[in-house]
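In this document, chain identifiers A, B, C, D and E correspond to the written order of the chains, with residue numbering beginning at 1 in each.
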Amino acid sequence: MQRRHGTTAANPPWRLPPPLFSARCKACWYTAAALALVVGSFWSLDLQWGAFVSMDALRSMGRFVAEFYPPDFSPPFVAKVAWSAVETLAMSALGTLLAAVAGLALALPASRRHEGDAARFRSVARMLLNALRAVPELVWAALLLIAAGLGPFAGTLALALHTSGVLGRLFAEAMENAPRDAATALRTQGVTGWRVLAYATLPQVLPQLLSYTLYRWENNIRAAAVLGVVGAGGLGQLLAFHMGLFHMGKTATVLIAMLLLVAFVDGLSFAMRRWMK
Amino acid sequence: MHLTLHQVDAAHPAARRGAAPALRGISLSLAPGEQVALIGPSGAGKTTLLQVAAAALRPSGGRVEMDGTDPWTLSVRALQRLRGRLLLAPQVPPLPPRQRVITAVLAARLPAMSFWTSLRSLFYPVDIPGAHQALERFDLAEKLFERVDHLSGGERQRVGLARALLAPASLWLVDEPLSALDPRRADEAVRTLLDEARARGATLLASLHQVDVALERFTRVIALRDGAVFFDLPSAQVTPQRLRQLYAQHEDELHAPAPALDTPAPGPAPVVMHCR
Amino acid sequence: MSAALSPRVPRRDPAWLKRVSWTATALVLLWPLLVLTEFRPAQLWSPESRAPILNFLGSFVPPAHSAEFLEMVARETWRTVAMATAGIVLGLVIAIPGALLATEALSVSLLSGRMAPLPRVVRQGVRWMLIVLRSVPELVWALVFVRVAGLGATPGVLAIALTYGGMLGKVYAEILDSGEAPPAQALLRNGAGRLQAFTYALLPQNAAELASYTVYRWECAIRSSVVLGFVGAGGLGQQMDSSMKMFNGGEVATMLLVFVALVALADRTSAALRRQLG
Amino acid sequence: QATVFRVTAIPDESPTELARKAAPLMKYLEGKLGMKVEYTPVTDYAAAVEALVNKKVDLAWFGGFTFVQANVRSGGKVVPLVQREEDEKFRSVFITADPAIKSLADLKGRDLSFGSQSSTSGHLMPRHFLLAAGIEPERDLKRVAFSGAHDATIAAVASGKVQAGALNISVWDKFVADKKVDTARVRVFYTTPAYYDYNWTVHADMPAAQKDKLSAAFLALDKSTPEGAQVLELQRATRFIPTKAENYKSIEGAARSAGLL
Amino acid sequence: MHLTLHQVDAAHPAARRGAAPALRGISLSLAPGEQVALIGPSGAGKTTLLQVAAAALRPSGGRVEMDGTDPWTLSVRALQRLRGRLLLAPQVPPLPPRQRVITAVLAARLPAMSFWTSLRSLFYPVDIPGAHQALERFDLAEKLFERVDHLSGGERQRVGLARALLAPASLWLVDEPLSALDPRRADEAVRTLLDEARARGATLLASLHQVDVALERFTRVIALRDGAVFFDLPSAQVTPQRLRQLYAQHEDELHAPAPALDTPAPGPAPVVMHCR
């Protein structure tokens, strides 16, 4: 209320436009850098779009897809696929569960949840999270296979290690981003630490955390497929085996099983979010 | 608790550069057990003042003292302990969605709860009767196990107030406690707050837009305008003329003869009407 | 105001039974998981497994640093970054419309309680499409595209685009849904269009989250070791895969360092984006 | 496509190794064919098969089994041109680092690693001879893994990840010769009988003149010239000889009986 | 716009089973251009009624009609077009954090904007003067380019109200527009709303807790209690006795002789005092 702006003034304040671009506008530079990267990428890759326009190309793709029909639904094979699916599900579920717990534990020191937060271990925790997730599952698996031998245990741990890096980071960001008023209210009352977390921050970010976790689970179903190739068993091993041998019918069955697993987790995450609403 | 502010300036960390500070040279002193209303036009700095008084916002100048100690010189631990003795109820009740009323209300007890009790309370509320009683004071007992995001606006606000009753605080800083309440419940709420504060000897500072309530129920009224104290008087000395000036919109109105408001000027002592 | 008439204090939390039973169910479900995955952590520390792993880890130092190898790594790194970028950009072409169609935050009919049948069908259809896109492994997509584009970067990039399109679409939709609903609802209720509600209410809230998720996915695409090598597109992931299979610790270490650097870069970028948008 | 001649190979060894091996041969072919020759390494057997069947590459290095797969998928439209002399009598070896394993029968209840599931010498033929010895891998072994490539199998056995592995004898010999494996610990405990394996295959639609030019180029490789010596050395071949589809009938039979085709 | 409700029942989809419906058998009719205040105790169903009137909540029974058509029989397209003609300003202003005031205010124009214009407006606001003028009516012009999460509570509320002035609507449903405003700004805001609505011939239904404002400024007052219409009268006929009954807390108070409130019963016509 310091100054009153009349609409009749010679140069009313609204005539002064907010600048759209200035050299200090970091966002503009980021946009430019991103554009340069995208253009550079496409330019250096010489992708062959021409090949896709012909009718022939589409027909040939169609033929490949058609080979998947009919899927092999013979009972022994379906039983085998079902068992592998259970194995994959177990590996991915336990891996994700462990990762969610470890990720949350690491996300706490890695996030600055309020202005006054010194967050002393933030950079250390972030570095640890980065390292965990910079190492791909496959590398973790190879390391752990040496230690634990072939089998699902190594695969599970590999998933858990990589995923805790991923989830830890996502959790930390979700918590830093959450609305702060509820937590601030408790904090001005002298409550600290995990109790603020449990009574104010978590109820707010829980859907987000849950949805990231479930989503990572889904991802890990696919990742478990890759690990299967290294001898961890499950759908992945079946897929690689039959796909490599061009057993298209059997491959189709395995694909359907994977689709169902992913759809199951997707449905679960949908239901969870609905339930939390 | 004894609260003193000496020449306090404060600005919001996110405020744009060049903006006027939200508080300028505020000095005031609240005796233990005093009950003070804070009034002033929108944007005057009431919320900011409450935040400063709650040691939630660090003043950019001046000194805050609580029972003689400056909270900003304390160690983190001691500051936390000090904060355990005060309660700030924000303008918008800070209730995390999806939380149940009982959990939200019991959260006020956290400073006094041990680690294990607070953990246990997440799974099974520790003090159902206590929460029930606090809610009942605000006529909300039947919503005890409801989720806070399933409440109406006024119900949420009352949940926020019920927290005050459970907090182990000796300084209550309440921001616009009545904004979403109907006259009857507003009256009841303010009486409950005052009675409880008196019973515990807690100092109460409440910002209000309901001038009539402020004048009738509180013994002292502090008015803010543009970040500075406009007046700080016993309620009986607050004249309609002063109020008009307080809420006047433009500088010129402040000094010019009071514009003809469309209200007949009331007598010297404020008479409270059915508008409560 | 019935409680005032019967001021009986409730004795029990009504949600208690439900909580106990859910916790019990979860614990019961955990058991078969532990059995199926042969969860025996002690095994990791058995003496016979300690020696080989220390051996392998020992071979990490010194990291491979011959000029030839470093040059190869540099080349492959750029190639991977380029392919990941191209793949993600093409993926966005699928993900953005998919997310806009799938998110419930933009449902007009949901404003009035229940979603109407047609939008429900469309939404389900889009969700299934996204599921199919991301649950078909990259190798299958790659083989489909090998038929028309031959070996090289094209099928790899397309395979990334399709799978990542499916993933991003789903996550975008979930991010939009888990934000605060009232601003978008208010606009829709006052008659604004869906895209308008998206740009005016959902984006300002969620832009930071969306941007940082995209950067994270980009980083994943770089790491993704399987897609590109299949079809001869090369890339750092493929190198890593083969060095790993050969237990060549030095090479693995060098590439891990590159990965860590890329991840740190992505992290910085995403933090900066967050600060800008948040 | 007329200006570039595209070549690929199944990734029975690590792609970097393959690319290194292929470089001199490509240069040699470039000279003989008079056009640019481009080699693309892939990490998946199926990708190589699909690429040749769909004429996305002109020449491919196949194993016996991959050739059979390509032959079946293209409806007999691929032609094997040449093979190494060694490929007429190719063998696989079973290796182990476990002193307790002395014969195929000892494998029961152990872990075994094959190479790639599409490999002839790393999977099909070892499986064939295992079956002949009365061992059904899925039933009798504890776990079957696919390392993906022959060298990877050696590494897996040497590191103790699996107790036994089956692979291509020429890779094994190469590893032993280069001392890349500790023969005191890892040893061969079974060598299979001989069978036909690797060849260079083209699509049947390739013009006859080019086909002839190509086989002539391969057949002309000779250890006495420095260039020929280098190529043959890297290909681990004494010389190339012509081959024909009929040679691989027995592999096809083995594949069918093992249920892999 | 002509708004009619026939025997409308409504319940919140998330309400727990067995809970009383939020609205029971509501019938009312608003003529085009009418200006009606909605009062009632907290939790009475005011917000719910406004939502039903805005076609935002589907009634579980009864019929809603806007200009003679039931919105729930319309196709989605037509319903969305209809919604473009009404404005619901919620109790808590729905402002996305990080947005600037100008963008938030101009968002009210969206139904009338093409997609491209609205996209352009994100990069450079299309109607700065219009937004400035609307904000000026609420004494907030200087916050034009501020971020909404840097505003005080009352300022946010006024941003929400300024949206109404820009919306191309002919039915305004405003939920507690004055809750966070000081008396002077509240008076100004309500006058602005009424004047603007009158000038455009828009129907205005505003829920309020400020009974005095409702009686003084609006010609008709509808009172809700426990989800049903308690009275629906011209303002002049609303007696203090009726108001006491409306806000009474317990059923027994409703029928028993009015308890002695601590307010002297005022004369028949309500006198508005400085409590505004």
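Everything below uses one rule, namely that contacts are C-beta pairs under 8 Å (C-beta built on N, C-alpha and C of every residue); 3 or more make two chains touch, one makes a residue touch a chain.
The structure displayed is predicted, hence computed values, not measured ones.
The minimal number of chain-to-chain contact steps leading from chain A to chain D is 1.
Contact with chain C and chain D alike is made by A.
With centres defined by CA atoms alone, the chain at the far end from chain B is D. Of the two chain pairs shown, C-E and A-C, the one joined by more C-beta contacts is A-C. The centroid of the Cα atoms in chain D and the matching centroid in chain E are 79 Å apart. Between the CA-based centres of chain B and chain C the separation comes to 45 Å, rounded to the whole angstrom. Counting partner chains per residue, chain D shows two or more touched chains at residues 44, 46, 54, 148, 159-160. The set of chain A residues that touch two or more partner chains comprises 1-2, 60, 146, 149, 151, 207, 240, 243. Residue positions 1, 4, 52, 56, 139, 143, 147, 149-150, 152, 241, 245, 247, 277-278 of chain C each touch two or more of the other chains. Partner chain A is touched in their complex by these residues of chain C: 30, 32-34, 36-40, 43-44, 49-50, 52-53, 56-57, 78-79, 81-83, 85-86, 89, 127-128, 131-132, 134-137, 139-140, 143-145, 147-150, 152-154, 157, 167, 170-171, 174-175, 177-178, 208-209, 212, 216, 223, 225-226, 237, 240-241, 244-245, 247, 252, 256, 259-260, 262-264, 267, 272-274, 276-278. Contact residues of chain A toward chain D in the complex are 60, 145-146, 149-151, 229-231, 233, 237, 240-241, 243-246. Those residues of chain B whose C-beta lies close enough to touch chain A in the complex are 13, 20, 41, 43, 51, 54-56, 80-90, 92, 94-99, 103, 107-108, 110-111, 115, 118-119, 122, 167, 169, 226, 249-251. On the side of chain C, the complex with chain D involves touching residues 48, 52, 55-56, 139, 142-143, 146-147, 149-152, 229-232, 234, 238-239, 241-243, 245-247.
Those residues of chain A that touch chain C in the complex are listed here as 26-27, 30, 37-38, 40-42, 44-49, 51-52, 57-58, 60-61, 64-65, 86-87, 90-91, 93-94, 97, 126, 130-131, 133-136, 138-139, 142-144, 146-149, 151-153, 155-157, 166, 169-170, 173-174, 177, 207-208, 211, 215, 218-219, 221-222, 225-226, 239-240, 243, 251, 255, 258-259, 261-263, 266, 269, 273.
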